[in-house]
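The structure is given below, and queries will be raised subsequently.
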Amino acid sequence: MIRAILLVSCPDQKGITAAVTDFVFRHGGNILHAAQHTDAQAGVFFMRIEWDMDGFSVPRNEVWAALRPLAERFRMDWQLHFSDEKTRLAIFVSRHMHCLFDLMSRYQAGQLPNCEIKLIVSNHLDAESLARQWGIGFLHTPVTVECKAQAETAQLAALKAQGVDLLVLARYHQILSESFIEHFQDRIINIHHSFLPAFAGSSPYAQAYEKGVKIIGATSHYVIAALDQGPIIEQDTVRIDHRHSISDLVEEGQDLERRVLYRAVRWHLEHKILCYGNKTVIFE
Amino acid sequence: MIRAILLVSCPDQKGITAAVTDFVFRHGGNILHAAQHTDAQAGVFFMRIEWDMDGFSVPRNEVWAALRPLAERFRMDWQLHFSDEKTRLAIFVSRHMHCLFDLMSRYQAGQLPNCEIKLIVSNHLDAESLARQWGIGFLHTPVTVECKAQAETAQLAALKAQGVDLLVLARYHQILSESFIEHFQDRIINIHHSFLPAFAGSSPYAQAYEKGVKIIGATSHYVIAALDQGPIIEQDTVRIDHRHSISDLVEEGQDLERRVLYRAVRWHLEHKILCYGNKTVIFE
Amino acid sequence: MIRAILLVSCPDQKGITAAVTDFVFRHGGNILHAAQHTDAQAGVFFMRIEWDMDGFSVPRNEVWAALRPLAERFRMDWQLHFSDEKTRLAIFVSRHMHCLFDLMSRYQAGQLPNCEIKLIVSNHLDAESLARQWGIGFLHTPVTVECKAQAETAQLAALKAQGVDLLVLARYHQILSESFIEHFQDRIINIHHSFLPAFAGSSPYAQAYEKGVKIIGATSHYVIAALDQGPIIEQDTVRIDHRHSISDLVEEGQDLERRVLYRAVRWHLEHKILCYGNKTVIFE
Amino acid sequence: MIRAILLVSCPDQKGITAAVTDFVFRHGGNILHAAQHTDAQAGVFFMRIEWDMDGFSVPRNEVWAALRPLAERFRMDWQLHFSDEKTRLAIFVSRHMHCLFDLMSRYQAGQLPNCEIKLIVSNHLDAESLARQWGIGFLHTPVTVECKAQAETAQLAALKAQGVDLLVLARYHQILSESFIEHFQDRIINIHHSFLPAFAGSSPYAQAYEKGVKIIGATSHYVIAALDQGPIIEQDTVRIDHRHSISDLVEEGQDLERRVLYRAVRWHLEHKILCYGNKTVIFE
């Protein structure tokens, strides 16, 4: 069964839900999921609707055009996806492999729907043999102050060559340039190993230890130019206490990082995330 | 602003969402919330839709009739509520007062929307002075094997006299008869102090202690004739360890009970719960 | 049964545990609980030991002197408590009553061991009738820029008159002066309605809403001169999502605040907290 | 640094803690951790103490004999371990590989202290190539009603040949015979994919789905002859709702199973678990 997925945000007004569901129904589509949200304060309406293309009277390649009048009438920002389109991923990593391992094992177990992992990118060589073992391309781009621009140029070329749609920074400890980020707006997911906005920047576990917090967290978010400031997708926390050393925090935290990054990547692949302002709506 | 709330369950089929949203829109209603769920395994569709009655072209007392053709076409079970209708509650309690206290303090703080607490019923006298202090009617119905039927007759009379719509068993340690329960199908909420189906019946904390579990829970559910077997509305859990005595479990658990019962009552008052089979859909 | 409770921190070295437990045993005391912790990084040793005074050969009023040689040998910071000593509390509150209500209901239910609530202090009058109802003294000290010093003088006088040992700021929205705080070092517990260090300062729920976090928290801590920077005692968190308005956050958060403040107060009353540097050891 | 770890349980009486800590101190040992617990209801005392063997005046191979008089005086059940002894593990698995994968990746990351994984045992062939890839022995023992005894004989022989100390049933869907279990009392850890005692037996996720619970769990426990009834080591839970299909429960649950099994194995390897009656004390 092929499903169409429509994501919409627009100024809030009467009749949007009715118009969209009616569009689907009128053309013979069976609605599988529909969810909406209104940010009353901001006056913005959000919707995600998913329907079965089986028996839908508009051919797939004409759905976009058929929706356009509706979209224009309500001044929608909108995305249209089909469930058999595969998102192409690149995973960026430095020296900590646990998130990469976790994503790969879920990928192999079929838990990352409709995607192809095309490339592993790293400023180190630690992941190279793993990439080879998994049969995935590996790009080594050492990053120093001098060669950063050069590294990004090489990365962009490889990402373009592979048609990559989504970048996952699975503990990639390099700051991407603003111009690089612009190529992938709302399409770079980072995992930060703290409960943001607490402990942004480097060494968050050491910061948490110094502060004496009783709970640590992890945060996945889209990357924007401002470091660790992009729209938060998912967070989770775990209790700790005075008996935990920094290395205990690191270990407890790795479990959090894995889960919090995985959920963000999965929701992105399922087209369940809408960004607005600096926040996200998750149609879980 | 007065809101209409429609709760629907029916056999799954094409066009339901579109038909319902179109009904609201065609009559000038602004949809505030709409959520749906399909149980693919059971082939059942569920929907909750809430709209602003301001500017709605069908007068309030005719909405029911206007909806009927639609409901019949899709063979719907349906409920229609308006946001200014007050649900009338009775709270049943034995000797533990913590859930009663919690509900009363939230009621006074305005956290139990659109309800009136009309009556406190107890087989003991512990709550009497509290009821008086709060200005709420108190019915004392001692329950022994001999006088149980008599007690229920008195309770039914008082509930009827007060027009009570919802019974909340806030640690009421008596088993209601099947015939009593039939008067209030899906309208009696109980709190059980365990993570059901584990530790049904009496003394769940002592059972949990004996078993050596590492987590305890609480469960709120609608009451059916089979003891502790009704549709689960909400559950929550908390970690414990070997250092907890039974009385520690009781204390930890009381916090759970309060929250888990409160959420169930609140969702019921907001018309967010649909029962089917022996399960619930919660349109949170 | 009267219990003695000894809290110790000192430079880490061999033989401390043995020396302390031997002291108790040699004088016929039965050890009920003993826990220790070493901060290897800081080289500091912490211990809490609790024993039955029944059959203990040193009379209660001589225990302190009997322990002194041991304490000096290991250069201990130490506190000695007996389980029948009552801590005298004052609760400070502004206009939000939920934490005050919660503490009072637990106090009445016997869940706050060995304490007497002597005084409610407020810059508003909202709590006055409650205090009267509970039979607890009420001190009204309006606070403006001009009269702050005067208010604190009145507060100090009342606290001294009542022999208050512990101040609980149960949503008291005034900043205490450094000189005031010095009178009660490690004896003022505040509840802050965020997951510190995130969202320090005012309106943390509004800050959390703006930031779009997926989890909110609450933090109880001892008060030091630097605002919201004191040693953290306890934290807890709860998941939220894009559907939560600021007022939803406030309501969800109030449950957190209640629990997180209660735990801190209880642990303090049970002499389970040791401060060091800007952190706490909790002998839970 | 080599550490000695002493685990003790005995009838509760005065002076145990003092006697044990004094033993360590008198022989020049530095206590690194000491924790005790008393089950007042059962009258049983439990202790775990860990000290640095550096500078300890009793040679390692004589510690046992040196402790014996103390142990006999207090009628102790006791275990003595040294931190450089490696526990030898066998992992039993059927067709679900997620727990095996998780344990192996943590093993390779150094998160399973002081152990060697010697053998993977399965009634299926799915894990064979993985075992080979990891360089670990693989034993294939198909199990049918007829050949179960024969399979267990082969397993026992292999386990004995490899000197295996701990069996981890990482989703091994076969019931071990009572006589097999007797060889490894308190040394077989199973993961059950429900919050026991709820949903014991087969297909717990399907049971949970049918029941409509709002939270699912996982339980790790030592194996005894009674199915799913052994002493619980660790449990954890996660919220679900009506939108989760059985396969969603399976996926959510796998994360729980991994963590809950890992913690149990790790605590066992660190000698932090004491069994008594049908419960455990965890010196976390």
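Which chain is which? They are A, B, C and D, in the order written, and residues in each are numbered from 1.
As a working rule, a contact is a pair of C-beta atoms (placed from the backbone, for glycine too) under 8 Å apart; a residue touches a chain by one contact, two chains touch by 3 or more.
These numbers come from a predicted model, not from an experiment.
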Practice problem: Compute the shortest path length in steps from chain A to chain C over the network of touching chains. | Solution: 1
Quiz item: In terms of C-beta pairs in contact, which of C-D and B-D ranks higher?
Solution: B-D
Quiz item: What whole-Å value do you get for the distance between chain C and chain D if each is reduced to the mean of its CA atoms?
Solution: 38
Quiz prompt | Between chain B and chain D, centroid-to-centroid distance (C-alpha), Å | solution = 42
Self-check item: Shared interface positions of chain D, touching two or more other chains
Solution: none
Quiz prompt | Residues of chain D defined as touching chain B within the complex | solution = 37, 39-41, 195-199, 211-215, 217, 231-237, 241-243, 245, 277-282, 284
Practice problem: In the complex, go through chain B and note every residue touching chain C. | Solution: 98, 101, 105, 109, 111, 251, 255, 259
Exercise. Using the touch definition up top, name the residues of chain D that touch chain C in the complex.
Key: 14-19, 21-22, 24-26, 28-36, 38
